[in-house]
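Per-chain numbering from 1; labels A, B, C, D and E assigned in written order.
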């Protein structure tokens, strides 16, 4: 297991060393949210009604754009092949990389969401629920995204293809994430149920993501 | 055919000569600038709180204006400064221009952010909400994004010289697109929203409010330039330190170089 | 210890690249695969490293650690250097030592590795700033930082100058003298005191 | 100039040979548009009102994701450096690449938009205007995107950073694109003005894009 | 024709890599840059190819085509092969011939180029399926497909087997015999009949 922490630590160190990775994701999140009123019109009532959806969709897209980097750099410079010759099972190595992605992308995005809620005139009472829901939902984004990143490693047009593969997998997270927030802010009841399902999806992807990703990588080193 | 004039003395040391003069000049200028900024801002605050009348409509909240409006102006001016510096760097290859552009980005972003923050705080009592998608607000937000883009690009590239050049390209592209953004956003809003944009027009400002505003704007401008100068000084010092460390590394390598060459 | 490859068959794409190849590397021996371009040297080394699946035959490290997979007992040096440009040479090396050594970093081994490839003056420089040969040396230092019995070297001397080739030859010699195994592919003589060569034919002519 | 056509032809050939580039962009476009009702709620009136905005935003994102590939592959395999030693000025070479991007991405996306309009209950009368507007607006997407692609060539976190740089530049195109469609479907008048401005923005980016991109690339081969 | 480099100064990052270097290559001459790893060979070649800006001094091709920039009269072979994996060897070659030759492709020259590097059996194979040495040969074929007076070769023999090195040496010999100019950097002798060597020292020691 110590290899797991070594790898996690290095990935986080690289994020810090290569500067601004977190900031870039946050900036993109901010811009996509800001583009929505430009596209959909500035009516505050409308915006506050669709705010949970906009925040979740923009979060998905911001996470999506950072996914290719999970394996790309390690593949290009040959590190991935050396990682594959380590003691650590590849399943755990990929899990470490997904965890690093969640820490460096998922958590900051979830924490930024309330600020963007202001721009969309989201009800103040929704903010704690918003953050909690996103913190519980984002692991699924990282660990399912991991599979996409691994599958498209050697495919040309990585980013686009990755998005195409992964977005459908994200749909349950999206639906229950929005449902949980809407329920908590006076929509139809059932907050607890949505929240639990969201957690279950994340746990499920925690298991299935690394296994599938490791298999995909093994095929591609051939 | 590649032809470059022989200029053996146009070396790194020569390039550093200019910054050296800048360091001397700015060193003597800094305290005065900072002092004047502090004095003017204090005077403006005094005027704002003890002399200026309350607005009959907005009450005490009008005092936010004395920070908000200068911040908005300086936020926009910051980008102009970046554009001019970028041009200077790309055309004249003057290292100080890059230092200036680099120092101006976070500063301009900070003032833009200040304008946004004070504006939203003001918006709550005036409009009943922190944010509306009004043209002016939106274009200010986009300006903030342009600043973010510049800073993110710089942070994403190791090689500092390269980062400076690329940021200069982006700075110039951004400035050509900036008026288009301003214009388009103005147009967009009037399309979708009735002309209920809540904003006082310049002429309606009472002279008693105008005077403190001018003093405050002057004070904040001096503050901006003082901070910009400070930022440039820091950056020059940081670059010198880096050059020294690199030289150290080179020297260490030079010692063992013959061993490698054997 | 003994690396024994028996009746190895490897396909890539739809083509059979290696067909019924058998060889063995004893402890204390360096085997160098030679052959023209496209003969299949890279394919064999990557297969032994577990990066390519076998279509037939067997690969085993007899007398090795039964608990660990063969690739986990081998160092694989491929065409790429596996260096992060934003980490310094030493940070790169420490990471690999920790990762490949199961979390334990032996400070003395790191120093020895840096010394072995004359990297001490470069230790604090980000790997992105190195020249081609300097990068290759930083990559090779991995061999020394974590001890593993089997070295798989695919054209290790690419971009190295004569002095650096000699450094590598010395390290390979010491590894072999200490009972290690080396399987290498190269077009340029490694200059080892004792090496056995295995000629791999042009398979495509036969296929 | 013959180098221009050679390069354009090769880039298009590679798109064909590497299969499915166009398909992937279209698929992503489809998914993002399909996600909107999931996120924003299935109210058809609402959807048809915001349809032009949704279609434009999704188009921007789909184009955005394909931008990194403009230079990436040529940079990784060393082709870009050889291209720089050609007779063709680098400004024209980058223009050829942007043109190839527009032909292989911009045009198909613009042509697909009406089909997706159906999903969003867009008024039928809007369809010809929609396609015309997008065909006129998408060159700006490719040629401004070119600048972002060139600037982030050697930057880590390419895709995300690229998005952060380029999205603000896309805002005028977005606004006038939507304005033109809204105007044509019974919104406030002014279709012609919006349409002409959109064309002007595209022409402007046709000039500024290749020049800035070539400068950025020259700096980076150093 | 004459490539004349005078008092060249080149900086990379903030460091001075080349400091006051002067040399000339006459028509019909091959100059090989030699020196230890990190000496600056790659830097010099890339600078002549116009890929790195000069900080001082001059680079000129005297007697060359005054209408064209120096890089447009030179072939640059760097560490990377500039091949598209999804195009066949011949398609790759044709593209470069068309692009570098200003749109004109001489079918006979393409055939000659394939023949020169023994690539005819591989002509129809996508470049992605080639071995390291085969890729390098496909890259080198560019030299023959479009005639340009100056060849800039940075470690051209990387991954090549002995037979392929001989093919390259023959082509370089013919180019030089026909009045061409060659500037190369390599750690392995190219095996040319006549070559002049220029030793590049460790510049950083002087800086």
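Note that in this section contacts are C-beta pairs under 8 Å (C-beta built on N, C-alpha and C of every residue); 3 or more make two chains touch, one makes a residue touch a chain.
Remember, predicted model here, so these are calculated numbers, not experimental data.
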Shared chain contacts [subunit A and subunit D, defined touch]: B
From subunit D, the most remote chain by mean C-alpha position: C
Of B-D and A-B, pair with higher C-beta contact tally: B-D
Reference subunit B; chain at largest CA-centroid distance: C
Inter-chain centre distance, subunit D versus subunit E - centres from mean C-alpha coordinates, in Å: 37
Chain centre separation in whole Å, for subunit D relative to subunit C (CA means): 45
Set of subunit D residues in contact with two or more other chains: 18, 73, 76, 156-157, 161, 164, 167-168, 171, 175, 222
For subunit B, residues contacting two or more additional chains: 142, 145, 148-149, 152, 156, 188, 253, 255, 257, 260-261
In subunit E, residues with contacts to at least two other chains: 12-13, 35-38, 50, 68, 71, 79, 86
Residue ranges of subunit C touching subunit B (in the complex, touch as defined): 85-86, 118, 120-122, 124-126, 128, 161, 163-164
Of subunit A, residues touching subunit B in the complex: 18-20, 23-24, 27, 30-31, 34, 37-38, 41-44, 47, 118-119, 121
Subunit D residues within the subunit B interface of the complex: 144, 147, 151-152, 154-157, 161, 164-165, 167-169, 171-172, 175-176, 179, 182, 187-188, 190, 197, 201, 204, 208, 212, 215-216, 219-220, 222
Subunit C residues within the subunit E interface of the complex: 12-13, 35-39, 42, 79, 129-134, 136-137, 155, 158-164, 187-188, 204
Subunit D - residues contacting subunit E, complex: 2-3, 5-7, 10, 13-14, 17-18, 73, 76-79, 81-88, 221-222
